[in-house]
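After this come two complexes, each holding subunit A, first together with subunit B and then together with subunit C.
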Partner chain A sequence: MSTYWRTFKTAAWLGWEMDSNWTEPWLFLIYSIIKPVAGAFILVFMYVVIWSINGIADPQSFAFLYVGNAFFIFVGSTLFGTFQVIQSDREWYQTLRYVYISPISYYVYILGRAFSKILVSIFGVLITLGFGFFFLHVDMRFTPDRIPLFIVSLALGLFVLLAIGITLGAATFLMARHSQTLAEAVPGVFYVFCGVLFPLTILPSWGQSIGTAIPLTYWFEITRRILLPFQYNTGLAAFGDWEILAFLLISTFVFFGLSLGVFRLGEYLARKAGKLDMTTSY
Partner chain B sequence: MAYAVETRDLTRVFAGKKRRFRRKRAASEGDEQLGPVTALDRVSIQIREGELFGLLGPNGAGKTTLIKILATLLLPTSGQAFVAGHDVTKDPFPIRQRINMVSGGETSGYGLLTTRENVWMFSQFYGVPSKVAKQRIDELMHVFGLWDKRDAKVRLISSGQRQKMNMIRGFVTDPDILFLDEPTLGLDVNAARTVRDYVMNWVGRERGKTVLLTTHYMAEADEMCDRIAIIDKGKILACDTPEALKRMIHTQTTFRLEVDPLRDTSTFQGMDGVVNFSLKDDASKNRTELTFILEDEAPVAEILSAITAQGAKVHALRKTEPTLEDVFISMVGRGFE
Partner chain C sequence: MNEVSARRSDLAFRIALNLRSIRGRAYPRIIGANREPSWIFFEAVLPLLTIAAYVFIYRAIAANQIVNANAETAARILANTNALVASVVLGGAMVAFWLNVLWSMASQLYWEKEIGNLQLYMMAPMNRMALLGGMAIGGVFMTSVRAISTLVAGVLVFGVVFQVADPLMLLAVFFVTLVALYGLGMFFASLYLLWGREAWNVSALLEEPIFFSSGFYFPLGGLFNYGGWGSVVGIVGSIIPAGLGLDALRQLTLGQTAFGGKFWVLSAPVELEILLVLAIGFLVLARYALAYLELLAKREGKLTSRHQ
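Moving on to the complex of A and B:
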């Protein structure tokens, strides 16, 4: 256990240094604030365009997409964070071979590296939500009695994201720099099918089936139920909060088991094919 | 007897790669099969605890492949390899607790961290207490001449300094078995001297420490190693102490000639008394250096005649003591470069 903790701690320290140490602290702070705020402005612009076309203001829809988009920050950064570890250690820093042959769990190492991304994302999400609430008057409420449910759902959502990230990341053991494409494409799929910007009911039936098979859909649903004072018809209205949470819990276990298996397989195949410390020159 | 490292008929074949999406110039070319390549061919070696063992061979001989297998980075295709008594295929974790590896000529490291932070981070993966690690890092930074750069970010230091940092990374965890893959490649003369001295002292001073060193520098292997295995095209050609290897050709005579570039060297091949020979072109001087391993001195006159018959001049002729390269030439009929 101490090996796992030591690995996690050191990897998280490394991740944090890499994420935050590229510039002066004050510049990093400004960047961390401006980035999510700029993202929020894109949403505002989209909303204003739709509003001007329809001629009808729809604050509930805006709140729906605003909250979805705020929490999508976790998806992009956590997935990219886990994908990027193998590729960057192998191709850019050329340290993968030395980290890999050290007496640690490489799986835990990746979790540690991704942890710093989550920390940075938490800041981004809080800034986005705060900016929306105070400056854009997004209709949100956060009652103290919902805090435990929020914390549990957030933890499960992040665990699922890490598990998905590592599952897909295992593929990068066997891929060259093309894995960058994967890191961009997969969050794109989630953006469309998990009810981030619009409810599942807008999708065709096959699209809804895909959406309901992805655990993140339930995470976005429960998060909105906690933060928004109204319930939007997302196609999951038939399920209560605890049922949604149960789906999330089960899928967390399933995806974690899957990630362990796929990671071991990817690692074995890479070691067999001699691709663990492969560097490409293109 | 328990060995620090033991391999039994270790073989590694890298699968070929199909090129499917090339220009349509020729259909057959589109399916060109590159490989498979046999990097290691039934390699069996035993390295004793406390030994400084060298693996000497030209580029592409299979040295790095062997180190990668022993360091648990790569799986063998067949055969077995044991490090500290553990099978590299089935039981890598206990091996990793006892080994470390340094590869020369590469510039690995996290650019945003300082040299000290880079090394410290790796020491933490090995469970070295932070205080002990910092003390060791400072000592090693002094030894390898990196003390002035201890707080410099890795992106700002030279490739040679990065290599020194990686040497420190290799020693800071105090491994029982250290794999050094061409550790002096790309280092300046003084830095290479420091590395060689430190490695030899480390093995001599610390009881039970084992080093497997790969190199294509003959003098380095000769000076440093207790025993040397000569490897070429994945096969171990000979394995013994440097002296014993050189004694293998002590009954033979080595001559080196510096001549004008030759049109034809095939005449030397069937010449009586010529065991083997190699040639190396020196473009800067526009000359060719020929090394002959001869049964005795009798063929020298015939060799000189063959050279002058081509209109080439002989600029120098020396009879030399056999080197490890001569052993290699005697076995495979070419030098390392």
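Moving on to the complex of A and C:
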């Protein structure tokens, strides 16, 4: 266990250094903030434009999508964190062979590398939420009695994200250097089907079925229930807070098991096909 | 002058050499896409989901706006929403080209440096612009798959209707926008000769802020109509050719009267003229920046230094 912990800590530190040591800390902080804030502004102006064109304000929809988008920062950065480790080590730095043969768990190593991205994205989420609350007057409330529920749901949400990331990231063992595209494309699945920016009810019924099978849907639902002072018809209104939390907990365990299995399979197939240490230069 | 030197200074030989270089650099991109079917799936199919998300945002807000509206207002809201959905689809197609410019043009020389190919390019007798030109042509081909699939999905899945009254103008705007975009990519590529990871991070930084400031998912005029800092952001975003290019393409495919005609920045012909100036400007800039930064990188010993 201590080896796992040491691997995790060292990988997280390595990830942080690799992400941030190309510039001064203050510049890195600005860099980490600009991307998510600009992402939020795309949505702000989409709302402003449709409001201006049609002449009808809809602040509840705006609050719904704004909060969802703020927490989606975790999704993008965690998935990118897990997807890019294998390919950046293999092709960019060409260090995968050394890390892989060292006496550590490569799975835990990836977890550690991705964790550093989660830490950085916390700033982005806080800044986006703060900007929305203070400058855009997004209708949010956060009462102290909801803090334990928020912390538990956040921890479960992030853990399930890591598990999903490693499950899908295992595919990068077998892929050419396109993790950038994968990291851009896969969050799109969650963007559409998890009710991040709009209620699930706007999707066709088959889309809603997909959404209710993805654990992140429940994470976004409970997060919004905690932060927004109104209930929106998302299609999950029949479930109480604890039921939603239970779904999240169960799916966390399921995806953790799945990530272990798929990771081993990807690793095995890559070794069998001789792709574990390949470089693709086109 | 000996025979070899005379041949190298011969114009016809140099043109043929550079054309071969363009073909040679474009070849792996075009063929590479065919050899990696997963690439086409990730490039063409999955990005549609992000576009779908933006489409559903407009539809979800419009659905709420319609609830208490009378029949006339509801019809207007629906028409406006369809135009906004079409704007998203066009923006989504342009995103493919912008991402290609960032990651497969601008960052490519950095990538070549990292894997040790750059010194081989530098030793080869072709013009560097021919190398970048080949990358651009290959990149346009590769990216067209994604852009076309986005447009087809927009029409088939989201029911977008485009009304093209002037197809020649549309083609002119599209191709001039692409030339300007890839010219900008060539200019950025030259910066990567000197810089290391900081430039890679700049590419990452040029995604969401440019999607926002160039109006990829909403009419760019929305920024200008907001006034104040919105106009400033819009002007800065217009320096990226995709901004004005998209605005002109939307006018030419949705009609001048879409959104009440209030969300266009300039008329399409004027935007085409500006795009032409940008295209020529970026290509010339790229030519000189490439030569200057190559020299600077050699002086500072950074041309082939890896992992910086």
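The working rule: the second predicted complex is superposed on the first by the 279 of 282 C-alpha atoms of A that agree within 3 Å, B and C clash if a C-alpha of one lies under 4 Å from a C-alpha of the other, contacts with A are read in each partner's own complex, and residues count from 1 in each chain.
The rule is short, and it goes like this: a residue touches a chain if its C-beta (ideal position, glycine included) is under 8 Å from a C-beta of that chain, and two chains touch if they have at least 3 such contacts.
Small disclaimer: the values here were computed from a predicted structure and weren't measured.
Measured by the number of subunit A residues touched, the leading partner among subunit B and subunit C is C.
When both complexes are overlaid on chain A, the residue A:Tyr93 reaches subunit B and subunit C alike.
Legend: residue contacts after superposition of the two complexes on their common chain; A:Val48 is shown touching subunit C, with no touch to subunit B.
By the touch criterion stated above, A:Val186 is placed in contact with subunit C alone, subunit B being left untouched. Of the two partner chains placed by the overlay, neither subunit B nor subunit C lies in contact with A:Gln231. Judged by the touch definition given at the top, the superposed model places A:Leu14 against subunit B, while subunit C stays out of reach. By the touch criterion defined above, A:Trp22 reaches both subunit B and subunit C.
In the superposition on chain A, no contact is made by A:Ser209 with either subunit B or subunit C. With both structures placed on the common chain, the touch criterion links A:Thr143 to neither subunit B nor subunit C. Residue overlap on subunit A between its contacts with subunit B in one complex and with subunit C in the other: 22, 93. Those residues of subunit A that touch subunit C in the shared complex are 22-23, 31, 34-36, 38-39, 41-43, 45-50, 52-54, 56, 58, 60-61, 65, 91-93, 175-176, 178, 180-182, 184-189, 191-192, 196-199, 202-203, 279, 281-282.
The residues of subunit B lying in touch with subunit A in their complex are 14-15, 68, 71-75, 93, 96-97, 99-101, 103, 106-113, 117, 121-122, 124-127, 169, 173. Those residues of subunit C that touch subunit A in the complex are listed here as 28-29, 32, 36, 38-39, 42-43, 45-50, 52-54, 56-65, 69, 73, 76-77, 80-81, 84, 99, 103, 112, 114-115, 117, 196-198, 201, 204-205, 207-209, 211-213, 215-219, 222-223, 225-226, 259-260, 263, 307. Residue ranges of subunit A in contact with subunit B, taken from their complex: 2-3, 6-7, 9-10, 13-14, 17-18, 21-22, 93-95, 97-104, 268, 271-274, 276-277.
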